[in-house]
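Letters are used for the chains, namely A, B, C and D, taken in the order the chains are written, and counting of residues starts over at 1 for each.
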Amino acid sequence: MLTATHLACVRGDRRLFAGLGFTLEAGAWIYLTGENGSGKTSLLRILVGLSPPEAGEILWQGTPITSLGDDYRKAVTYLGHHNALKEELTASENLCMGAALAGIVLEKSEATKMLAEVGLAGREELPVRFLSQGQKRRVALARLLWSKSPLWVLDEPFVALDAAAVLWLAETLAEHLAAGGMAILTSHQEVAIAGSTMQTLRLAA
Amino acid sequence: MRMLTWKYASPQYFYPLAGKMIPWFAALAVLFGVSGLWLGFFVAPTDAQQGEGYRIIFIHVGASWMSMFIYLVMAFWASIGLSFNTRLSSMMASALAPTGAMFAFLSLWTGALWGKPMWGTWWVWDARLTSELILLFLYLGFIALQAAIDEPRRADKAGAILALVGVVNVPIIYFSVKWWNTLHQGASVSLTQAPSMAKTMLLGMLMMALCFWMYSIAVALARVRAIMLERERNSEWVTQLKEVQS
Amino acid sequence: MNAFSVLSAVVQRDLLVALRRKSEVLTTLFFFVIVVSLFPLGIGPEMDLLRKIAPGVLWVAALLATMLSLNRLFAADHADGTLEQMALAPVPLGLLVTGKVVAHWLVSGLPLVLIAPLLGLQFDLAPRALTVLMISLLLGTPLLSLIGAIGAALTLGVRGGGVLVSLLTLPLYIPALIFGAGAVEADISGLGAAGHLSLLAALLALAAFFAPWATTAALRIALE
Amino acid sequence: MNWNSPAEFFAMGGYGFYVWGSFGVTTLALLIEPLLIGKRQSEAVKSLQRELSAKERSQ
C-alpha cells in the first residue's frame, strides 16, 4: 500500500501543488492527469524517491520511503519520459543491462522472448538507434515483463505507441493489477484497464 | 533555548536581527582597524633587516588568515545546510565566498608587493603563496558553480559538496606543494619570521586581523540579507518588510 | 546477484558503448599525443631541456586529456534517462558510480598510460624513467578519473558545464600532478621515485574511498 | 615616534610604492565591497517594490 500525505512541490518560484494526498491499495491504479506544467512528472519523481517533496510524506506499507532505501527501490519500477536506452546497444543488450541494474539476471533467450512479446521479433539484435520512436518505447516498456516490483510508476507510457502496442500495454497492466500489483500513470489519452479499480488524480495548473 | 535557536535560524527572524548586528560589527572593525594602523605605522619600530617594507605584513598576515578561516567557516555552514536542510546556513555560505576570495586575492597582492623589494621578484613559487593561489581558485570554483545553477536549492547543495571536497583537499594540497617546494629547493618566503618580532608588531598584526574578522562578519551579514530578499521574494514576510512597503 | 556482478555489469555496458563509438575514445588519446608533441615545437629541440620538462609536460597533458573526457562521463546517461534508472536501482548508487569510473579509466586513462612511454621517447627519457612514468600514470590516472567524477557530477546539466568542470577539478588535481611528475623527476635526478609513488598510491586509496561518495551525493542533487 | 615629517611617512624609507600599494588596494577593496553589497540590497528591494506594485495594480 502506498500512502502520500500533504505533498507539496515547488519548482523555482512556482508552487506546483500542495496538500496532495492519496492512498493506493493493492490491485488498484491511479490515473494522473493535468495540464502541461501542472507537475505530473514532478509528482512521479517525488513518488519514486528521485526528488524530495517540499513538504509531506510518502509511506510504503506504512514506513516512510526515506527510511526504506533499497527496499523501496526494489518495490518500484519507474519509466520516465526518457527511455533509458543506450543508442549504441542492441535492444536485447539494453533489456539485459536494465535488468542487471535491478539485480535480475536475464538470459538472452528470455530477452528475445520478451522483445517478441512487445512486437519486436527479429529486431532484437539491432542497435537501438535504428529503431523508430514507438519501437524504442516498446523496448523500454519490455522491462515491465521482467519487473518483479509491485508498484509501477509510468510517465506517459502510451506516447508513440501504435494501437496494437497500446492494447498490449493495457493487458499487461491488467494482469499486473489482477496479481495484486499497483500502478500510477500519466496519459494524455483515455486509458481503459479491464477489471481494475481506478482512481483519478487531477493536478490543477 | 532550542526554540530560540530555531526561531533565528529562519530567514524571517534573522533578517532584522542581522540588520541590527551589522553596525556593531562595522564599528568594531573600524575600532580595531584604526588601532591596528596606529600600532603598525606609529608604534611598531622599523625592522632591522627589512626596513619599512615589512609593514606590509600588518595586512598580509591578517588577509591570509581570513582567507583560510573564511573557507573553513563557509564549508561549515554549507555542510550544516546540506545535512539539516536549513536554508539560512546555505545562504550564509554563499554570502561568505566573495569575501573569502577577496582576502585570498589581497593576500596574494600584498605578498607580491612585499616580494618585489625583498626578493627582487613579484612572484615566487613558494609553498604558501602557491597554496594561497590554489585557495583563490577553489573560491572561484565555488562561486562559479553556484552562479551557473539556476535552482537555488540545487546551487546550495552542489556548492556544499564542492566546499567539503575542498576542505578535505586543502591540507593535501598544502602538504604536496610544500613537498614540491622543498624538493626543488625553491625560495621560502616568510614574512612572519622576522628575527626580532617586537611585541608591538605582533599586537598590530593581531589588531588588523581582528579588524578583518569583524569586517568579514559585517559584510557577510549584509550580503546574506540581500540574498534572503532575492531568494525569498515570494514569501509573505518579505513583502511585509518596511523597506519594501514604502 | 551480488554487488560485484552489478558493478561489473555497469563496467561491461560502458565498455560496450565505448567500443561501438570509438571516435570519442580516440579523441582523448590523440589530444594527449598532439599536446605532448607540440611542446618541442614551441620550446626548441635541445634534448637537455626536453628531458628536463618531459615529466611535467606529459603529466599536464594527461591532466588536460582526462579533463576533456570528463564531460561525457555522466552526460549521456543523464540525457537518455539511464542515470535515473541507476539512481533507482536497488543497489547503492556509489557502487554503480564506481563502475562508471572504472570504465572511464579503462577507456580514457589506460590508453594514456600505454602510449606515454612512446611519447617519453620523443623527449629522450631513459628506459628507467619511462618505467617510472608508466607506473606514476598507472597510479595517477585512476586518481584523475575519481576526482574528475565529482566535478562531472556537480556540473551535470549546468550552463557552461564544460568550462566549469575544469575550473572545479584542476585545482584538485594539483597533488596528483606534483607527485606524479615529481616521481619521474626524482628518478631522473637519481633521488629515487619510491617516496613519490607511495604518496600517489596513498592519495589513490583515499580518493577511492571518498570520491564515489561525493560523486553519488552530487548525482542525487543533479537528479532532483 | 617613527617619522619626523609627513614626507618621510609617505616615503616609507624607500618602500613607499610597495607599502602604499598594499594598503591602498586593501583599503579600496574593503570600501568597494560594502558599496557593491549596498547596491545589490537596494536593487533587490527595488525589484520587490516593482513586483508588489504590479500585483496591486492587477488586483
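Structure notes:
Criterion: a residue touches a chain if its C-beta (ideal position, glycine included) is under 8 Å from a C-beta of that chain, and two chains touch if they have at least 3 such contacts.
Treat the numbers as computed from the prediction; the structure is a model and nothing was measured.
Between A-C and A-B, more C-beta contact pairs join the chains of A-C.
Among the other chains, A has the CA centre that is most remote from the centre of subunit B.
Computed centre separation for the pair subunit A/subunit C is 36 angstrom, with centres defined by C-alpha atoms. Here the spacing of subunit C and subunit D, counted between their Cα centres, is 43 Å.
Computed centre separation for the pair subunit A/subunit D is 56 angstrom, with centres defined by C-alpha atoms. In this assembly, the C-alpha centroid of subunit A lies 49 Å from the C-alpha centroid of subunit B.
Counting partner chains per residue, subunit B has residues 150, 233 touching two or more of them. The set of subunit D residues touching two or more other chains is empty.
Chain pairs that touch one another: A-B, A-C, B-C, B-D. Those residues of subunit A that touch subunit C in the shared complex are 48-52, 70-71, 73-74, 76, 78, 80-89, 93, 97-98, 100-105, 127. Looking at the complex, you find that subunit B touches subunit C at residues 134, 137-138, 140-141, 144-145, 148-150, 153-154, 157-158, 161-162, 164-166, 168-169, 172-173, 175-177, 179-180, 183.
The touching residues of subunit A, counted against subunit B in their complex, run 11-13. Residues 41-42, 44-46, 51-53, 55-56, 59-60, 63, 98-99, 102, 105-106, 109-110, 113-114, 116-117, 215, 218-219, 222-223, 225-226, 229-230, 233, 238-239, 241, 243-245 of subunit B are the ones touching subunit D in the complex. Listing the residues of subunit C that touch subunit B in their complex gives 150, 154-155, 158-161, 164, 167-168, 170-172, 174-175, 178-179, 182, 185-186, 191, 199, 203, 206, 210, 214, 217-218, 221-222, 224.
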